[in-house]
Structure formats: structure tokens, C-alpha cells
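Below, each structure is written out as C-alpha cells.
Shared between the two complexes below is chain A, which pairs with chain B and chain C, respectively.
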Partner chain A sequence: MAKNTHRTAEQMAAAQREISVSEFFAKNRHLLGFDNPRKALLTTIKEGVDNSLDACEEAGILPDLLIEIIQLQEDRFRVVIEDNGPGIVKAQIPNIFGRLLYGSKFHSRRQSRGQQGIGISAAGLYAQMTTGRGPRIESKTAKGKPHRFEIQMDFSKNKPLIAKEEELVEWHQKQGTRFEADLEATYQKGLRSVDDYMKQTAVSNPHARIRYLAPGMEEARVYERAVEELPALGEEIKPHPYGVEIGELMKMLRDTSSRTLSGFMQEEFCRVGAKVADEICTNAKLSKKAYPSRIAREEVDALYRAIQATRISAPPTTCLSPIGEERILEGLRKECDADFYSVVSRPPSVYRGNPFQIEVGIGWSRAGSDRLEVDETGRILKTRKRGTADTEDLLGGADDPIRLLRYANRVPLLFQQSACAFTKSIIQTAWKNYGLQHPRGSLPLGSAVIFVHMASVWVPYTSEAKEAIAPYPEILKEIKLALQEAGRKLGQFIRKGKRVEREFEKREYIDKYLPHVGIGLQEILGLSNEQREETVATLRDSMESTRKI
Partner chain B sequence: MAKNTHRTAEQMAAAQREISVSEFFAKNRHLLGFDNPRKALLTTIKEGVDNSLDACEEAGILPDLLIEIIQLQEDRFRVVIEDNGPGIVKAQIPNIFGRLLYGSKFHSRRQSRGQQGIGISAAGLYAQMTTGRGPRIESKTAKGKPHRFEIQMDFSKNKPLIAKEEELVEWHQKQGTRFEADLEATYQKGLRSVDDYMKQTAVSNPHARIRYLAPGMEEARVYERAVEELPALGEEIKPHPYGVEIGELMKMLRDTSSRTLSGFMQEEFCRVGAKVADEICTNAKLSKKAYPSRIAREEVDALYRAIQATRISAPPTTCLSPIGEERILEGLRKECDADFYSVVSRPPSVYRGNPFQIEVGIGWSRAGSDRLEVDETGRILKTRKRGTADTEDLLGGADDPIRLLRYANRVPLLFQQSACAFTKSIIQTAWKNYGLQHPRGSLPLGSAVIFVHMASVWVPYTSEAKEAIAPYPEILKEIKLALQEAGRKLGQFIRKGKRVEREFEKREYIDKYLPHVGIGLQEILGLSNEQREETVATLRDSMESTRKI
Partner chain C sequence: MAAKKKKSDADNDERLKHVALSSIDEVARGVYEQAQRGDLPDMTMPQRNLQNVRFDPKAGYFEMKGNVKTRTLDVNSVKTFAQTLRLMALAKEMVTKDDFATKREAYYVSKNWGDAKFLEQPESDTVLDDIEAMFSVHEVTRETLRFVPEEHGGSVVGALTVIDRDPETGAPIRSDCAAMGSGAYTIPSSVDHLQLESTAKFVLVIETGGMFQRLNHHRWWRNANCILVEMGGVPTRATRRFVRRIADDLKLPVYAFVDCDPYGICNIYRTLKVGSGLAVHVSRDFCVPTARFMGVTPQDIIDFQLEDATHPLQPVDIKRAKDALKNDPFFQAYPKWQKAIKQLLNMGVRAEQQAFAKWGLNFVIEEYLPTKLKKAKDFLP
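Take a look at the complex of A and B:
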């Protein structure tokens, strides 16, 4: 044991060491969503499903996924995730599944679920740390032979070791990948459970067929494909000049193969043509023929400021693949039986050079014992009891906080709700203007669901676990605009409904007291029972007709 | 621009790449506390001060720090942090300041402020990204010559490049280190400002002298040393068997130089003697002479379970350096002028094999226009107006949420309050039992400060920015026990005080109405003015004496 003595600079120097990114995350596993056994199970499945859906879409294949949870011991589960995607080339398997910070999505500017190259290897690392056994991967590409790997990670070096490797004689699918891992976990139902996650994933991915089998289920739950069409694949784009900082600009100037500054600006960025490039060079007081790698630091500073001062069109938004108002509405209708829906898909916007797009959907219901269905003019079509059929949906009572469904690039976000830009924007919106009760600093109240989606080439998550969106001002602003737009429609509907509701209350009142009025009239005027009934009916008719609803 | 076409497995494989940890964090800078220019300034200073204080304490030197913020342009500042520490050996400077995940503290089990080897290089990286210029470091060890480096980081490789290097002829201190960086930043005052941080740092580090000069100050603000003694240096300890998981155990078995399983258990862990080691081997049904690296995976599983089933003493707590009840009380008194203080230092506890210790201090004040000072029996000593002198302290009004001061290893935590285990524990504590108003799900209300400190060899932060503590169940439990203990004392005091307060109200009441009673008596009995005054005085005396407070 080291002595409790002070140390010199030389002794301290001897203790300095490199820290591998995997041992860092093994020690800080809560950063990756492995805080506890329950969440570990969800995170493992989430990372696997993200990768499978991304791979299928990138290859143009309608996803068909199998997710299986098998209980091995009280606190140990096996997770299986299988897809019909393009498969993975043999040589890449160990790195993809056994090395943190390795992947294809980090350096590309294209919308995808995965972006960091951490998730699935972190799941394997967690499995290995808690059970000693690393993940097993089977994969077959269209052209290749099927093969099977068992990975063991050297986490002090962040390198994959191959524990077993074999070529399989045949495989049960034409192509695809199967991931299997044993891990310490807990399987529970309820909010933020794997079941909950699967349901929410099905909502935002109607083009996927998902089979899901968990402990206690007699047979797999199947989320059938609702749409036979893949979402448009976002294009990959070059960086936008406004999103690049001085440090990165210096590096790009050093690394480019362009031989002139003007060429560099045009080739390395989007939205820069010859005219804009020349304008930037002029503003920076630099020759457009300057050799990029010879530009001194002070000049880069001038170039950076010139870029900010030059008018450049916003980045192309063909890189984005929003869900779309129609599909959000379909999803909401399927998920919750509300009286009113309001859906808004904002135009694309940009933060730090990254295009993004916000979509919002609101489902609202008049909560209470009875529910009215009204048409758009406010006329009551029918009244319906709220019953057990409603408890399965997402709507709570009128005095409960609204239910919030958060999505980033179609992936449901289940944790860290309070830290999320979505939540902050909702709290900061004036819901009282739109007819909802709204305690200060909290979510508004109401039997309602608010769905929020951010589509972006780079989602700024608040942690590696990708559970919440960091509150960049540009993002907050867009979310608020979307909420306000959807909120205004809701407010109009609620005000109309309120009027109807008041009338309805009046009608109930009359229904209740008219018979008593009848009895009174009968006594005073000495009417017969028939005359009394008749009088009451006449009174009711005349009142109904004057109310004109 | 890449076309919007689908890709094959082979095309996807070609896009797979390693991602360097620095480019990952450059893109995700909010993970490190560089969300915006204001926070970037604070984080830079915080990381520098952490390192300086750690180095001084480790070398047994009473810290003398200079922190300077110089405005260069509207949005650009220079930060200088200088210490009188042991200095840094020349060869280590580029790595320590120019490489993420490099340091001496990650692999040691010893209490320190820094632990990840990320902070100060991240500050340098942020500086370089936003101004193009990397950090400058001057350092002198007791034996060495002073030298100066300017670092430029190759962030796509996470490697430091040396932009300039020179040996200095002389340096103005015998030894120490000076860090200087230019960065895009905003300097503001108020809550969570650098000023606020400096003040809170001085509270938890009374053994440090800190000079602080910021824009707009005529001269440096000096926090003088209040204690001439260094806090006890925590010892470095070996891992505790309960805190090691199967995956790590396998690695340790592979890497050890011990030749028997029993020897391995004794040499690599704390709290394992020959007897405990043999018991573990017996429980695992393994020979105590087994050769460690030959133990198969299934056997490691048995060994792991045997460890959990064997009774092993808790890890030594000599590795911890709590602040101590006395110093917390001193700090609170200095910081806030309360009517009552309650301080609790819990005994050490363990989470995931890591010893930790929770300390809590409460300062509470009867808020309102007047304040009473009462002795311990509840007797009123004097009353005092709340005035401008009080607005500088941390106490808010009686209907405000209490002010929460969070510390980890003596470092103030200023952000992410709602995500922090401290906050969660406070919210879950039943403050109504202790005399405070407590809205559900919120902080309790009251003119009070709650100080919470966690000392540990490894603080589980919720993000790399080290802003909040992850809510591990063992940690939550200890915080709650500490809060309850301090809360009970507060409750007793408040109840006593409430009695006094009611009496006081009565007295005020009497003071107010007695003159009117006098006038009434004067009229009825026809008294002279002198007689009236006399009667009122007699009445007051007799009432005072019967109240007996």
C-alpha cells in the first residue's frame, strides 16, 4: 500500500499514464446508460436496435427485427437482436463490436440513429464486465459466407480480442446480423421499460416489422409493418462554413488537397461557389490564390471572421429525414385515443452548422367521467364513457402532467427527461394561453400527450447515453416555435370545446330540474300527470331550440 | 457530395474508422462543460484550480494561487492560473496539457479533485478550437530549470504538438506552474459565475490563499488563508474485493505476478489476509495454490460469487480526507449569517468498492423584518433588523427555496443541480418533520443554506464535466442519513423557536395595545397623565413577569 507521504514533481511524473477510453467508460458506465441492471438491459437493446435499423435503411432494406430477452439466472439475461440488414464484412466485426469510438457515422454528416461509435461496443463491454463473457456476433453479407465471432475486449487498450471465430456452413437468412450478449440485468415492466421502449419505437418506425419476445410472454409480440416504404435516406453533406470553428478551419487548411484558398472554400464546404469564395477572401484581405497550408494563424482568424461576415445560404436540408406530419398523426392516433390532434413539422434550421428539424404532435382529450365527441363547429356528436379501454392509452387525468414522448432521429428517449431541451421548451411555453393549466416551472397539466422529434445530422446529446438533448439556444427556439404553433390550434379547439362544455353543463342542469319544475306546475295548476309530462317536454324543446347548438 | 443511394455491406465497411477521443469531445464539448462561452470560462478556471490545488496538497505545499481573467476582445479572454506547487517535469508537460485521457489520478485509488485526465487538456482544446491558439505553460520544479511550452493539439489523433518550446533564464517563483490560454468566453457576475465559484472554493479550502483578478476589478480580490495546516492527505488503497466485477477480476488474474490464487487475493486487494483468501478459495471450490492465469472463465464466475458470499471487512478509510464538522461550521459562519447551524459528518461508507463519506451542514435563519437571537434555552438575547448587510449572505427569504451548496472532494458543483444525487436526496427527505415548508418534489423552503460534501476516492459524476453526482443507491442513502441527522437538530431548534416566536408576537401585541388600554382607563377612572403612564408600566411589568421567558 502506498504510504501517506508527499510526493515530488519527479515522483508525480512517474505516475502519469494514458487512460484507455474503454477503461474510462467501464469505470463511468452510468455515462453510457448502464447505471443499474434495469437500465443496462434497455440500453443494450436500444443500441442493438439503433444499429440494425440504421443498417437496413442505409442498405435500402425494409427492416425485419427480432428482439429476444432470455432469463438465464435471477440476475442474468441473454439479449438477442437479429436483423435482415446488409450484414457486416468479416474483417470489421471485431472492431465494430469490441472497440469504443469506432464506426462509420461519426465523420459523416448524415442523419442516423447511431453517431458516436460507442453504443454497441459499450453494451458488449458491460456484458463482459458483469458476466465475464463478451458478445457473440453472427453475420452474413449478400456475397459473403456466414461467420460467427465471440469477442473478448482488452479494455485497458480498447482493443478487441477474438475469443472464438468460425465460418458457418449455412445461415437461416439470406443476409443480416445477429448480436447476442449475456449480462447482469433486471427485467421489469412499466414506464421506461423495454416493453415501453419497443412500443414507442414501433410508433416512430412504422416501416419496420419488429418481433419482441420477453420473459413471461407466451409468444412473441409482433409490431407489424404499417408502411411499405422506407423513409427517405438523408444525404451526406459537407460542413457548412458557419459551423466550423477556427481550430477546425486551421486543421482543414492543413489537410486539404486544394491548391488555392478559393478552391479550398468551394471544395471543402457546402453552399460556397466561386462568387462566395472570392467574397470571403476579399473580406479576409487574403489572396484567393493563397496556398491553403501556408496561411498563418492570424490570417485564419481573419478568414474565420470573414466567413461570419459573408452572407452564405443555409445548408441543404436534403440530409434530413423528418417523420412528417401525416405519419406522426397516424402514430399518435394508434397510440392514444384523444379528442383532438395537432401536428406541426417545422422547416429545417441550423445550429453550429448542423441542419436540424423539429416536429411536434399534440393529442388532447377532455378528461372526466364522460367524453364528448364534437365536430369542428363544436357540435356534440356523441358522448362516451371513459372506460378500461382508455387505460391502455397514454392519456392521464386532467390534473396529471401531460405525457411527454421525446424522439431524436426516430429513437425514443426514455431517461433524463428534466435535463432535455424538449422538456425545458415545454416548461417555458405559456400553455395557459392554449387552455391548459400550467404550474410554474413544471409540465402543463391535462389529459394530453406531447410528441416531440428532432431530426438532425448531429444530435447534441447531454451524455454518451443519448438520453436527452442539450439545450442549444437555436434548438430551444425551434422547439418553442413548433410548440406554439401546435398549441395555438389546441387552444382554439379547447376554447370552442369549453363553450360546448358549458352548454352541456347547462343542459344537464335543465335535465335535472325540469321534472321538479313540472311537479311544481302540476301542484299549482292542478295538472294531470300527462299534462305535466307534456308541459315538461314542451319546455325542454323550446329551451333546446333557443340554445341552438 | 455523396449521392443519396443505398450502400452495400462492402461500401459500409470502407467507411468504418477510428474516432479519436479528442475529436469526439470537440464535437460534444457540452459533455465537458463547454456548452456556451460563459460556462467555458468557468470550466477552464475550475479545471486549472483543481489541478493546482491537487498538486500543492500532494507535494505538501500550502497552496498560493493566482487566477487572472483578462479581456482581449469583446468575446475573447485570457485566463491565467498560477500556483506555487511542485511544478511539472518537462517531458510530461505536452501530454498533460495536450492529450485527453492522460493523467496520474485515474488509476490511483486516492481522493483528489481531478480524476479523469481530461479536464485541463479539454480546456486547452476548447481554447484552440475557438481562437486557433493552444495553451501556454510555464513550469519550474525544485530541481529543474524553468521552461515554457506552447501546445497545439492534433485532435484527430489526440496527440500534443509542440508549437514553441524554450528554456527560461529565470522564473519569479522557486517552483510552480503557470497556465495561460486565450478562449472565446463571456464574463458575467451573479449565481454560477466565476466570482461565485471563487467564493465557494475559498469556503471549502480554508488552507489555500487565492488571489483573483477579473475584468472591472481595481485590484485582486484576496481570499486569505484561514488555516495554516494542509488537510490530511488521503492514502492510496488497493481495490476492495466487493467492488471488483467479473470482467475486471479476469483481467487482474491474467495480469498478476502472484503465483497462487491465495497470494493473488492477498496481494492485489485490500482487506484480504491469508485466512480470508483461503475462505474465498474454499467457497469457490478452487485450490488456493491454483495458478491465477490458468483459471477458466466459469471458475472466475465461481470465484466472483465466493467473494460476494465471504465476509470481508470494509475498505480502510484512511484514503478519505473529509472537511470535518468544525471546518464546515467555520465555513458556513463565514459565508452566511444564520440563527442556527447544524453540522454532520457521517462515518465512511462504500459503493462499488469505493470508500466515500458524506458531510452536511445547515444554516437556518428566522426570516422576516426582524430577527431574534436566542440562546439555547430559547431566551431572546436581542432582536436585529435584517438589512443590507444581510443581502450579501446566502440566505433568501422564508418563502424561497433553500440555497444548496454542493461539493465533491472540496470542489463546488455549480451546474446540473436537478440531476444531482444531493438534490434528489434533499427532495426525498421529509423536511416538514424538521419544521420547514416542503412543496412536493421540490427543495424545501426557508431562509436556509444546505451544504453537502462527498469525499471519495472516485466520485461518480453524471458527466465528464463533473457537475453533478450520479444517484447510486448507497450514496443516496448516506446523504439522506446525514440530512436527517442534521434536520432533526434543526427541527428541535425551530420548534423551540416557534414557541419563542409566538411569545414574541404576544409581546408585540401587548406593546401595541397597552397604551390604548391606558387611555381607556384614564377616561373611565379620570387619571392624570402620570397616573396613566404609571398604570401602563405596572401592567406591562406584571405581564412580562408572568410570561417568564
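Take a look at the complex of A and C:
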């Protein structure tokens, strides 16, 4: 028995072969967010929506999205994601949807939602694995004809097989793409549900109109567009030397067309001119005329360390596309009926050579269903809160933890909240100073929502499933500064609000007793009812006019 | 003579009634006019506390220094402001209709005022005292405004005849306080209409019912030819006024017999003699400036060897005594009192009237009172 367990190198070699990416991910699907049927549904929709929004924005089109979830069987759903984007040329459709790690975004240094080119094809892969049927794609470009594909994937070769392909006579939109897939899934409501995701997406994308239809809904829920302008697109930049790891540096050295090390540095990186390139070479004790591919083999380590030791100016931040204070405000206003909003967009900063920018928005509501407003004349009016159109209210009770909305490049992050740099920063901020209760080591309490967004060409996720931001010190620092700034405004408002609340209570108190002053005077002086009421009204005015809010 | 006096009483009643009504109108009119002008109305009244008290031994009673408080209509005062006006309206109605309300009844009348109602009687009592203080400049008292205390005065026995009148017929009713058997005559809540006749030589005013019963049971007042009045704690206004009338009308000396403790000295005796700090505005008529303190004095504890029949002074007693030394103008005016209180504080004990029972139940009758009364000129002022 023991004999049989020992094998020779030759025997082992027979079993050693290449593992295809598709095969790897089929076995490790949790890494991509397909751990369970519930999450699979969300991830599929999320990847589709990311792609649609990216495509629309890149093409300068105001996004108009339709998301539909149709229940086919108890545990089987059809997901439809349709956009009015530029469409995809026929030849690329199978690759984009049927091949993992295929895409335009991995190599680019420009801010976009998608990053690795895994997402949507993994969704197709999951669909095919659970139902046997691959995704169907319809797409039409402005100039081209509409096409319809049904794709099957070859797990072992990471290659798309076209199961069906047809040219359509006409399509219901001028241009756009429609993705459809059947998958094993569970549809649930509540936190971290698809509903929740749609709502949060509507907050961070006020320029998009999104229609959403899920099982049990009478009609599609519409998140209307609140801003008619597209966000400014970030410019594409070359990598910054500080942001490149040693493996990537080797690959760049091998692939470059430059013939000298100095040329390579200037050509392939941003912020490297002749002077800086020479300095790096000197620090690395390498000839600036050295041949890049030779360096890749033998001296990449020295080069890498020389880069870190050389002062290189920060990368340009034009590549970033922040949401902007105004848009965050519009997004919050539209999806959460708070008494107060405070929004802060930090100036861009850099971590490890990657530009990034932090934005924070706070929506805070007083407890209860009434709102007090002070008009120009100093009168305090009590009005009902309007609430929001859909049922997913972002504002909880006054004694509940605040609702945290986390975003990376406008994409809501729904999972692993506690592992996220955003959460850590919020917990470490002293909210008591800003008028919120704050139990040690947890989120502050209050009927409030805190929106945190990180825009970056390269968001440092803690895992491939893109669920939490890694806590780099530079990032934590920026988040905290943004939170503090927004918090200070919130604190001022809460304090003023408390003053108004106290003042309102006092005026109600006055109103309770003032009529009795009138009755007393009437009974003693024999006033008429009109005289009495006039006296009470005059007294009320005199008393209120001497009270400051 | 009696008829003449009656007529002047009736005239005085009419005059006070008129003054009461015009005082009420004047305050309400002031508030109304301030409101019309767009001002925040206010009411001004004397402060009712010891800081506003002056004591001149020649006058013999607490007088107001003239410190006033002005209550301006604002969020903190609006409730009291409304309640004050509504109680004034009630007073006006009662004066006009010749009716009255006990302080408790006035409290219940407010229960029909909705939000402005009083929650507890001390609240309405305080507002009533404020109103009385406000009108005291016109010599209008709570009684003139027809608010009467529901508690009656103390008990009286001895050589005194009280002539009252039947409220319906006006016929005189004579009460002989020496003919009360084992009971006693009860001082009514209003005493100004009474006439008094007596052959007694002095009045002994007693703190506790227990001591009063002992002296009454053994008819000590008959032997001593005196009038006994039981106060039952701090004397009510009626009791003070009644004793004052005996002192004034019959020219009799008044001696006080209370427990030897800060409460008996600083509250019961002081209020009897010069009036209450909270109702300074009525002190002139509601106190007995000629009263003297017979006992029990701190020195009595030593002289009658009561040391082992005492109790230690409690912190509240010590505080009361120190407050009196520091803030009470009456005790400040008499070095003898300061000495006595300091002596009490040094001894650190208090002795009750009943402590003499240590030497036998009737020691007080047989020894203490005769011994003390022989030296009436040494009584504390």
C-alpha cells in the first residue's frame, strides 16, 4: 500500500500539464464573486452594468440602462442587461464575452470600472457551468448591422466557441448591447442584494437613467437621471515608475521597442525625462545605453531599487475622473431624503505611483418623520419628510449604525465591509466631535448615510472579487481628511438643528400657556374675544421676535 | 361701643375690597397696555426671602428692605405669568361675589384651566404668596383676596373669653376657654372680627400638643392664672394673629415654651415673634413682637440636669442654626441669642419639652415652670 503512494518523477510528469485560466477559475469561482447562488446573481449584474456604464461614458453617451431579472425556475434566473452604448464590433463579441482576461482595460492607466477583463466572461462561464447554456449577446454599432451571438466557452483552452450567430434585420435601438444569460441563482432582498446594488449605483451615477425589473415587482423601478452631463473622462497615462512591481518591470523591459535603458525609462513611464532617467541609471550603476532586454534578465533588481531611491515627481492626476461634489450631492439627494448633506472631494493624491482621489458625502436625518424649517421671518415650520420613491431607504433609525456606501470608480462595494480601508477610516474618525454617537471600535450611530468613493487608475482591492479596498497609509490618510472635513460641516448642522429643535419646543411651550394670559386678562379687564385673541397674537409676535435661533 | 367698632370694621372691609379690586385691575391693565405697545409685559413684586428682610428691634417685626423681582413674560415665566393672571381673575370674582376659596380649593379650581393647571398645591400656594406680596404695598392680604388657609389655628384654654358672631345672623357667640372640659377652643382661620376678654396675667404659647395636654389636664392655667395656646409646630398666621391680638388688646405678656433645638428656636419662636421670611409682606400684623422665650433654653439643659435626656444635633439642625447666625436679621440683632445658639451648637445636643419627664411626669408643673416664671425678666428676647 505504502509502495503505491510513492511515484517517480516520470510518473508525476505524466500528470503535469498546463492549467487553463478558465479551468482555474471554474474551480476557484469564489475569487470572482460567485461563491453562492445569491452572490452569483449580483456579480453577474454588477459586471454587466460596469461594462455598460464604462462603454457609454467612453463613447460620450448618457447611459440608459435596462436590468431585468426573470425567474425561470425555483433556482434558475435569466439576467438581461441592456445599454445604449456604442455597441461592439462583430469580430470582438466572442472574445469579450467568452474569454477570460481579455479586454482593453488591464493594460491601460486610465480610470474605469472594470480593470482586469475577467468579470463579464466569468459571468458567462458561471452561467454555462450551472445551466449548460452560454450567454447570448445582441449588439449594434451606430454604423454596423445588429448581430446576435450565443457563446459556449471551452474551459480548457480559454477560447470562445460560437454556438449560434445571426445577423438581425433590425434592432430596437440605434446602438447598444444586450447581454442575456441564464444561471443558477437566488434572488433575495435586503442588504447586499441586487436591489441594494441598483440603488447604490444610482447614487454614484446620477448621470445614468436605470430601469430595473426584478421578480415580484409590478413594474420597472426607474432611477431617473439627475445630471445631464457626462463625467469628465480621465486621460490615459503611462505607468509611474513607483507603481510598477518587479515582475511587471521585467515584462516591460522585454516588450519595449526602445533600444537603450534611458530611452526605455523615458518612453514607457510618465514623469521620467532625460535627467531623471540618467539619475536612475546612475543610482542603479547601469549604463544608460544598456539594452533593456538584457537588463530584464540580469539587473532588473538593481533597476527596481534605483527607481525607488530616485526622486520622481508625482504622476499627473488628469487621468482621474472623480464624481465631483455636485454630482455626489445630486445622487444622494435623489436617493436619500436627508435633512442635511455634506460633500467633500479631496484633491488627488498618490499611493505607490498610482494617482487616486477620495470623495466623501454624508446625508444625515433627524430622528422622526417630521422636519423643522426656519423661514425668512424666523418662524419655525414643521413639515413631513417626503421619503424616496423606492423601498430601499438608505437612512436607518437614529440608534442604528450609519449606513456606509463604499465605491471604487463609481462601483458600489457590497461585501467585506469590515476589511475595507473605508470602514477602518470611519471607525478611526472621532464622530463624537461631529455630533454623532460613536461606540468604540464600530461605526457611528445615526440616521445617516456616509458615501465614500475612491477614484483611481488602479484601485488596490484586497481580492480579485473587488470587494474591499486595501488599507494603504496614503489612502487611509486621505479618507480621514475627507471624513473630517465633511464631519465638521455635519457637526455644525447638528448643533444648529438641536438649537432649532430646542427653540421649537420652547415656542410650543409658549403657545401652550399664552392663551391663558389672554383669558386672565379678559376675565379681569372684561376684554372681548377679539381683543383677547389680538393681545395673545401680539404677545406671541413680541416673544418670538426677541428669540434668536 | 361694640356697634361703633362693628361699623368701622364694615367700612374697613369695604375699603379693602375696593383696594383689592383696583389693585388687581391695575396689574392686569399694566400687562395689557405693555402688550398693546408690543413690549414684553412684566409684573413687579417684592422678593420673598431673608435677603429682603430688615429687622429693627424697636419696630419688633420683620420689614421688607424693598428688593423687588420683576417677572418679564418669557419662555421660562409664561406658565407662572398665565397662572398669576388667572388666580388674580379668580380673586376678583370672589371679592366681587363675596365668596372665598381655601388654598386647596383654589388649587382645584385650576384643574379646569387645561394646560395652565397646577400640578401640585405648593405651586398654587407659591403663586398666591407672590400675588399677596405684589399687593402688599396696598395692604391687601391673601385673606382680603379671599384665599383662606384651610388649616385652622392652634388650641386655646384658660382665662379667656372669645366673642365671635354667627355667620348667618350676626348674633354674638361667647366661648369661655376655661370651660372647655378636656378639650380646647380652636382658633379660626380668620380672627380679626373676634373680641377678647380675659383676667389672665400672661399667655404661655406651647410648641407641642403633648405638653399642652399635660398642663390642661392638671388645670395648671387655673393656678397660674394664664392662657395656654398650643401652636402645633410653626404657628399659622391665624395663631400668630390671635396671640398678637391678646397681647395688644389685653396687654398681656406672651411667653414661648418650645423644644430646645434649632427648629424650635429659629423657626417656631422666630416666626411667632417677628414673622416668616417668606411672608415678610404680612409680618407687621402676623407676629407677636412682645413675645419672650421662656424655654427650653440651652442653659436649662444644664440647670435642670437634662444632659442625659438629650439627643445629638443632626446635620440639618446644625445647618439651620448656623444659617440663623449668619443670615437671620432677628438673631443678628440680639447678642444674647447668638450666645445661646452658639452654646447649643457647642453642646451639640437638643432637648425636647418632654425631657423633664426624666425627673417625674409632673416635674415640669411642680418645678420647672414655677422656677422659670419667677425670673420672667431673664427670658431671652
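Please note the rule applied: the second predicted complex is superposed on the first by the 397 of 549 C-alpha atoms of A that agree within 3 Å, B and C clash if a C-alpha of one lies under 4 Å from a C-alpha of the other, contacts with A are read in each partner's own complex, and residues count from 1 in each chain.
Definition applied: a residue touches a chain if its C-beta (ideal position, glycine included) is under 8 Å from a C-beta of that chain, and two chains touch if they have at least 3 such contacts.
From a predicted model like this one, the values you see are computed outputs, not experimental measurements.
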{"item": "Chain B versus chain C as contact partner of A:Y291, first or second or both or neither", "value": "neither"}
{"item": "Touching partner for A:A55 - first (chain B), second (chain C), both, neither", "value": "first"}
{"item": "Touching partner for A:H516 - first (chain B), second (chain C), both, neither", "value": "second"}
{"item": "Partner chain in contact with A:T535 - chain B first, chain C second, else both or neither", "value": "second"}
{"item": "Partner chain in contact with A:E248 - chain B first, chain C second, else both or neither", "value": "first"}
{"item": "Which partner reaches more residues of chain A (counting touched residues only), chain B or chain C", "value": "B"}
{"item": "First, second, both or neither for A:I524, with chain B first and chain C second", "value": "second"}
{"item": "First, second, both or neither for A:A91, with chain B first and chain C second", "value": "first"}
{"item": "Residues of chain A touching chain C in the complex", "value": "506-507, 509-510, 512-514, 516-517, 519-521, 523-525, 527, 535, 538-539, 541-543, 546-547"}
{"item": "List of chain B residues in touch with chain A within their complex", "value": "1-4, 6-10, 12-13, 15-21, 23-24, 26-28, 30-31, 35, 55, 58-60, 86-89, 91-92, 95-96, 99, 101-104, 106-108, 110, 116-117, 125, 128-133, 141-144, 155-156, 175, 232-238, 245-251, 270, 297, 300-301, 304, 318, 416, 418-419, 458, 460-464, 470"}
{"item": "Complex contact set, residues of chain C against chain A", "value": "24-25, 28-29, 31-32, 35-36, 38-41, 73-75, 78-79, 81-86, 88-89, 92-93, 113-116"}
